[in-house]
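I have a structure here, written as C-alpha cells, and I will follow up with some questions on it.
Order of writing sets the chain letters: A, B, C and D. Residues in each chain are counted from 1.
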Amino acid sequence: MSRNLSVNVEFLTRVEGHGHIVVDVAEGVLKTCQLQIVEAPRFFEAMLQGRSIFEAQHITSRICGICACGHSLASIQAAEAAIGFTPSEQTLKLRKLLLHMENLDSHVLHIYLLAAPDLLGVKSFMGLMKDHADAVRRALRMKKACNDVCDILVGRHVHPISCVVGGFTMLPGPKELEAMHALLLQVREDLAPTVALAATLEFPEFERQTEYVGLISDDGEYPLLSGDVGSTDGVRKAKEDYRAITNEFLLPHSSAKHARLSRSSYMVGALARFNLNHDKLHPKAKETAAAVGLKPLCTNPYLNTAAQLVECAHCTEEAIAIIEDLMDRGVDPSEAVIVGINENHSIPVQAGSGVGAVEVPRGILFHHYQVDEQGIIQEANCVIPTGQNLQNIEDDMHKLVPELLDRSDEEITLALEMLVRAYDPCISCSTHFLEVDIVR
Amino acid sequence: MNQTLLPKTRLDDFIRFLSARQKVIAPVSLGNNQYKFDEVSSLDEISLHYIPTILPPKKYYMPQHETLLKYDVSKGQEMEAVVEVEELVLFGVHTCDLAGIQCLNMVFSDRPKDLHYLIRKNYLTLIGLECNDYCDSYANCAMLRNHLPKGGHDLFFTELADCYYVHVNTHRGDELVEKSGLFDEMNTQAEGELAELRTRKKERFKSEVAIRYQDIPRLFDETFESPVWEDVGNRCLACGNCTNVCPTCYCFDVMDEPDLDLTKGRRIRVWDSCQHEVFAKVAGGESFREERKDRKRHRFNRKFKYPVDRYRRIFCTGCGRCSRTCMAKIDLKETINALMEERE
Amino acid sequence: METVTINHTGYHIKRGKIRGITPLTAMEKMFEIELPGGDALDHDPGQFVEVSLFGVGEAPISICSSPTRRDNFELTVRAAGRLTEALHQLQVGDEVGIRGPFGVGFPIVPLEGNDILLIAGGLGIAPLRSLINFVIDNRRDFGKVDILLGCRDPQSMLFCEELAYWEERIDINFCCSVDRAAPDWAGNIGVITSLIPGVTLDPLKTFSVVCGPPVMYRFVVDELLQKGIPEKQIYLSLERHMKCGLGKCGHCQIHDVYCCQDGPVFSYDVVKQIKGAI
Amino acid sequence: MGRPKVAFFDLSCCEGCQLQVANLGEDLLDVLELIDLVEFREVMSEKWEGRYDLAIVEGSVVNDESEQRVRQIRDRCNVLIAYGSCATIGGVNGMKNRRPIEESQAAVYGDKTDWFPATKTRTVDQVVKVDYYIHGCPIYPPEFIKVLKAALAGLSYPVPDFAVCVECKFNENVCMYDKGVTCLGPITRAGCNSWCINAGNVCYGCRGMVSNPNRNGAEDVLRRYDLNPELIANKMMMYNAAKESTDE
C-alpha cells in the first residue's frame, strides 16, 4: 500500500512539558520520525556555577515539579559525595522513604490521570468522572495521601523543604510517624482495587528488542538509591562513569540531550528496573506483576505503565516497613540539622567531585557537581531520565509506524501519543512541549 | 487573699490534677534556649526555669486569628457574633507577662468594651510564677518595676527551697487549692524564706537604665525629633517581629474569609503591626508613617508615652522580647540610653 | 474549642437597605439607606459609620445627610478600593451592613450663635453637607455662614443641584473654585486657599470647619490663622485608616488619640499638639 | 450565567504549581464545582476554542515563542492570574539573567547554541497585564484557593506586603538567625505561612521582596554571618533576579 498521510496534533497533552512528534510517510515509506522537544531551555547547569553547594538541592529541585523529591535526592547525593560528607543511617532510611513516596505519587498520577484515560477511551480524567468516579476519587485520595506523607516528612511534596545536604532540618516524631503510617495503610487498601482495574485494561501489543538501563546491586534490595549502573546488555559501571553510559548527544530538533549505550538507544524507567531487578521486588509487588501479566524480560514499552503499578505495590510495602521500623526504634531528634548555606560551618567541606545516581519515577537520574574548598560549585551537570529515553522513543516510533500504516489517521495518532505517554515523559525535566505532526 | 504552700514533690500531682480538669498551658522548651507556651499534661514537659517565651501568653487572650462574626449572605447581610473559647489554665506565667495581660485588660475593657476579649478572658485561669533571678541581659523589668508580682493572677507561685509559696488572689484560685487537696498550711519558715528572697531580689534587680519610672514619658516627649530615630530607622527591617512578640501590642486588622461557596464565611481579626508600611496608609495613597524611623518612634511612644496619657500606665513590661527577637539588633535599653544621651 | 454566641458586640452590624442610589460623578455615588424598622441612625453631623459587605470587608464612610432630614440617612461613596467598588455594584433594595455612628462630629454647641466658615476640598464636602444642611434647617441659631468649596475640576463636583441652591440663598455666602477647567468654565480657578483672603469675617466671632484631603490642611490652616481666627476655633476632620471604629485596632491612632473615637473632628489647638497629625 | 470557564497554561517552569493544584486532592473536586475547567494540558486533552473567563498562567517568558503564547492567552481571556514565582517574579529562571545569555547557552549546549534560541527571562507582567498574583515556588495551596475565591467574586487580592517573619512569629518558630544561619524572611513578602521555616529550613525569598525592603539594613544583617559578598548577592537574587536585571 502506498499512502501519503498528514496528521497534525499540537500540544501533546497529559505529559509533563512540551514536545511535538513529527512523522513523515511518503508513498508508504517512513521518511522522518522525530520526537521534537521544543521546550525552552532553562540553563540550570549554568545557574549553579558560582553558588554554594548547599543551594544546589533547592535550585535543582526546581528543574521539575513532578520529580522534585527525586532531583533533591540525586542532588544531595552528588553534593555530599563532592564535599566528602557521609550521611547517617537514619538519614538514609528517611531518604529511602521519601524516594518511595516520590515514585508512588508520580506513578499514581501517571496511571490514573495520564494513562488510564487512553486505555478507557476518554479524553481526560474529567471524562473518567462519568463512568469511573470512584476511580478518580481513589486516585485523588491516593495522591493526597502521598502528598500528606511528604508534607509531614519534608514539608511539601513539590520542592521538598527539609531534605538538605547533611540530613533533615525537621524530623518526624512519634505522632508524625503514626500519621504517615495511617496514611500508607490507606494507600495499601486503595491499591487492591487499582490492581483489579488495571488487570482489566488492554495494553496495545508491540515489541521491540531494547537495552534497559538502571541501577543494579549485589545485595538483596531493589536498588533505587544506591548501586552501580547496569544494562540488560551486560554493561556494568560505577555511577561516577555515568558519562560512559549516557554518551549524550545533541540533535537540532530537541532542546533536550539524547543518549545511547550499546545500541542506538536505551530505555530507563519502571520497565527497565523491572527487567533488571524483578527478583528483588517485594512479594506483594511480584503478586501484582502476576495479576497484570507482566513478566521479565518485557519488551513492550506500553507496559511501562504496568511496571509502574508493580512498583506502586513495592514502594507502598517498603515505605510501610521503613515507618514501622522507625516506630520501633524511634527517630533521634538530635540528628536534625541547621544548615542554611553552611554559614554556621556545621558541615565540613572539602574540594571534590561527586555523582548522584537515583532511580526516580521516570528512570535513572544523574547529578554531578564539582566544588572548590569553599564548597562553591565550579561545574554542574544533570542527566535526566526522559532525556535518556528520547532516542528510544524515536526508535520505537520507527518500528511502530510501518506496523500501523493500515490504520486510520486518528488511530495512528492515538497510538503514537499513547506510546509517548507510556514513557511518562517529563519534558519539564529534560528541558516542555509535545506536538504530533505526521506527514505521510 | 491568703497564702498557702505546695511542697515541690507535689507539683507534678498538681499539674496532673489541673490537666484532668481542663487543658493546661505552660512554658516548654524549643531548644536554643527558647520557649513557648504550649499544652502540657505533666510536670516533666514544663520548663520551670525559662526566659520569656517567643510569643507572650497574649495569644490565648487575643489569638493570632480570631473569629468575630459568622455570616451568610444567601439572604442579605445575615450574621451571628461568636467567640471561640476554651477553658485553659495558664501555669508558670512570669510577672512581666502578668503585667502584659493587665495592660490588655485595660485596653479591652475601656469603653467601648471588647466583649470578644472579655468573654474569652473569663475562660482562662492564670497561675503566675516568680522569677528568682534575671532572665538575661535583654530584660528590663526592674526599670518598670515588673520583677515583683502586682496582681492579675488567680494563683502566684514563688519557688523556695522545698516548696512553693502560693499567693491565692481570687475565688477561682481558692477553689483550685481547695479541690486539689495538695496544699499545706503556711508556716513561718516559708514566710522567712520569701522575705529573704525578696531582699535578695531587691539587690539583684536594679533599674537597668538610669532613669526613674515617672520620668520616662517625658524623655520620649522631648526626644521626638532626635536623630536616634534616624539611626534606628536605618537599621530596622520593618519585619514586625517586635510587635508580634510584645505582650502589650494589640493592633489588628479585620478581614472576611469566605468559604468556597462564597456565601458563608467568617469575619476575623488578625494581629497587625504598626511597623508595616501599609498600616497607616489611607485611600489617597498617603501614609502617615511612611518612614521606618516614624514607625519605630511610634512603637516606642506607644509603650512609654501615649498609654501613659490614656491609661496612666507604661505599656512596656520589661520582658525584653523585642530586643531579643530583633535581627537588626535594635535594643530597647540601648535606644533609651541613646535618647538620654541625646537629651543631655 | 467551643463557640459562644454573643448577642451584641461592637462588631454587630445593622442590616441597612439601600433605598436610593444617585450617581454624582464618574467616581462617586450617593446611597440612601434605611435601617431595620425605619429606625433613625441618631447621628451628629461629622460622624461616620462603618459600612460593610460580608465577603468583601468594611470601610468608614461619613454620613452626608443631616440628622434633621427624614429617617433614612445618606452616604457618598467614592469607588476607591475593594469595599467601595463593591458598593458601587449594588442596586436599590440590596442590603449593606452598618455599624455606628462613630466618633465625635462637628461641634454644634460652640458654633451656635457664631459666624461659621466651612471649607471643603473634594470629597470633604460629603461630611460637611451634613453640617450645612443642619445649619440651614436651624438657620436662626447661627450667625453669618460662608461656604468655600474646592474641586479638582468641574466634572468632579458633587451635589451640583444643592450647591446651586446654597448659592441662591441670600443667608449663605457660597463660593467655589476648581484647580483646572475648560475655557468655558465661568467660575473661579485656583486652589482653595486662594478663596480665603476674599472672605470678610470677624475672626474672633468665627468658627471654621475644614474637611478635605490630608494635603489641604496645612495650607488652609495657615490662611485661617493669617485671618486671625483663633486656633481653638478651627476644626479639622482627619482621615485615617480604620479597622474597628472602637478605639482598639490602632490603625487610626495618632499619638494617644484614636481618630475613630476621639475624632475624626479635632480643633486645631489639639491637632497642633499631635506631632505629625497633618 | 454559567460557571466561569477556567484554563491553566504553562510557560517555562517546572510545572510544580500545576501539580500543587492537582494535589489539592478532594478539595479540587470542590473547586471543580465552582468552575468549568476547560483546559489543563498536563492532565487533560480537551481544548476550548472560546474565550476564557479566567486564565491561570504559570512559568516565565524565556523566548519569542513563549512571548507570543502569553500574548495570545491574554487576548483570549478576561482575567489573568499569574501563579508561581516563575510567572510573577521570574523565579529561579531569572538567575540566568545575571550573566550574558550566550555564556549560559555555551555552558549547557557547547557549540550547538544556535539550535536553541533563548532570550532573557521575563515575568508575565513584563509582557502582558496581570490581574492577580499568586507568588511562591511552589504556590501555597491555601493562598491559591484564596485568590481563586477573590477572582471568582471579582474582588481584588492584595498580596500581603509585610515580611514572612510575621507569619513565622505567628507560628512561634525559633528564628533562624538565633540558630546561626541567615534567612530572607525579613525582606520577603508573607502569604506562605512561613512554610520553609516551619519545616526547619530558611526562607529563600521565593515570594519576592516586600515593596520597600530595607536592602542596606538586610545586607548589614547578612554580613554578620561570615559570608562573602557574592554569596550574599546570590542569596538575595535566587528568585528576584529577573525583576532586578530588567528594571535597571
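One rule holds for everything that comes next: a contact is a pair of C-beta atoms (placed from the backbone, for glycine too) under 8 Å apart; a residue touches a chain by one contact, two chains touch by 3 or more.
Only a predicted model underlies this, so the values are computations on that prediction, with no experimental measurement involved.
Engineer: Select, from all pairs of chains, the pair with the highest number of C-beta pairs in contact.
Structural biologist: A-D
Engineer: Nearest chain to the global Cα centroid?
Structural biologist: Nearest to the common C-alpha centre lies chain D.
Engineer: If you average the Cα atoms of subunit A and of subunit B to get two centres, how far apart are those centres in Å?
Structural biologist: Comparing mean C-alpha positions, subunit B is 52 Å from subunit A.
Engineer: Which whole number of Å gives the spacing of the CA centres of subunit B and subunit D?
Structural biologist: 37
Engineer: Measuring centre to centre with CA averages, how many angstrom lie between subunit A and subunit C?
Structural biologist: Subunit A and subunit C have C-alpha centres separated by 65 Å.
Engineer: Taking each chain's centre as the mean of its CA atoms, how far is subunit B from subunit C in angstrom?
Structural biologist: Averaging C-alpha atoms per chain gives centres 39 Å apart.
Engineer: On subunit A, where are the residues touching two or more other chains?
Structural biologist: Residues: none.
Engineer: What parts of subunit B, by residue number, touch at least two of the other chains?
Structural biologist: If we look for residues of subunit B contacting two or more partner chains, we find 258, 262.
Engineer: Could you pull out the residues of subunit C that touch at least 2 other chains?
Structural biologist: Residue numbers touching two or more other chains: 55-56, 81.
Engineer: Any two chains that touch count here, so list every such pair.
Structural biologist: Per the contact definition above, the touching pairs are A-D, B-C, B-D, C-D.
Engineer: Touching subunit A in the complex: which residues of subunit D?
Structural biologist: 10-20, 22-23, 25-26, 28-29, 37, 41-46, 59, 62-63, 65-66, 91-93, 95-96, 99, 103-105, 107-110, 112, 115-116, 118, 137-138, 176, 179-183, 195-196, 198-202, 204, 225-227, 230-231, 234-235, 238
Engineer: Which residues of subunit B touch subunit D in their complex?
Structural biologist: On the subunit B side, the touching residues are 30-32, 34, 36, 53-55, 64, 234-241, 244-245, 258, 260-262, 271, 273, 276-278, 292, 325, 327-328.
Engineer: Using the touch definition up top, name the residues of subunit D that touch subunit B in the complex.
Structural biologist: It is residues 30-31, 34, 145, 149, 152-153, 161-163, 165-166, 169-170, 172-175, 177-179, 185-187, 210-214, 216-218, 220-221 of subunit D that touch subunit B.
Engineer: Residue numbers of subunit C touching subunit D in their complex, please.
Structural biologist: These residues of subunit C touch subunit D: 55-56, 81-82, 86.
Engineer: Going by the contact rule at the top, pick out the subunit A residues touching subunit D in the complex.
Structural biologist: Those in contact with subunit D are residues 11, 13-18, 38-43, 45-47, 49-52, 55, 58-59, 62-66, 68, 109, 113-114, 117, 123-126, 137, 140-141, 143-144, 147, 154-159, 161-162, 164, 168-170, 250, 252, 255, 336, 338-341, 343-344, 346, 428, 432.
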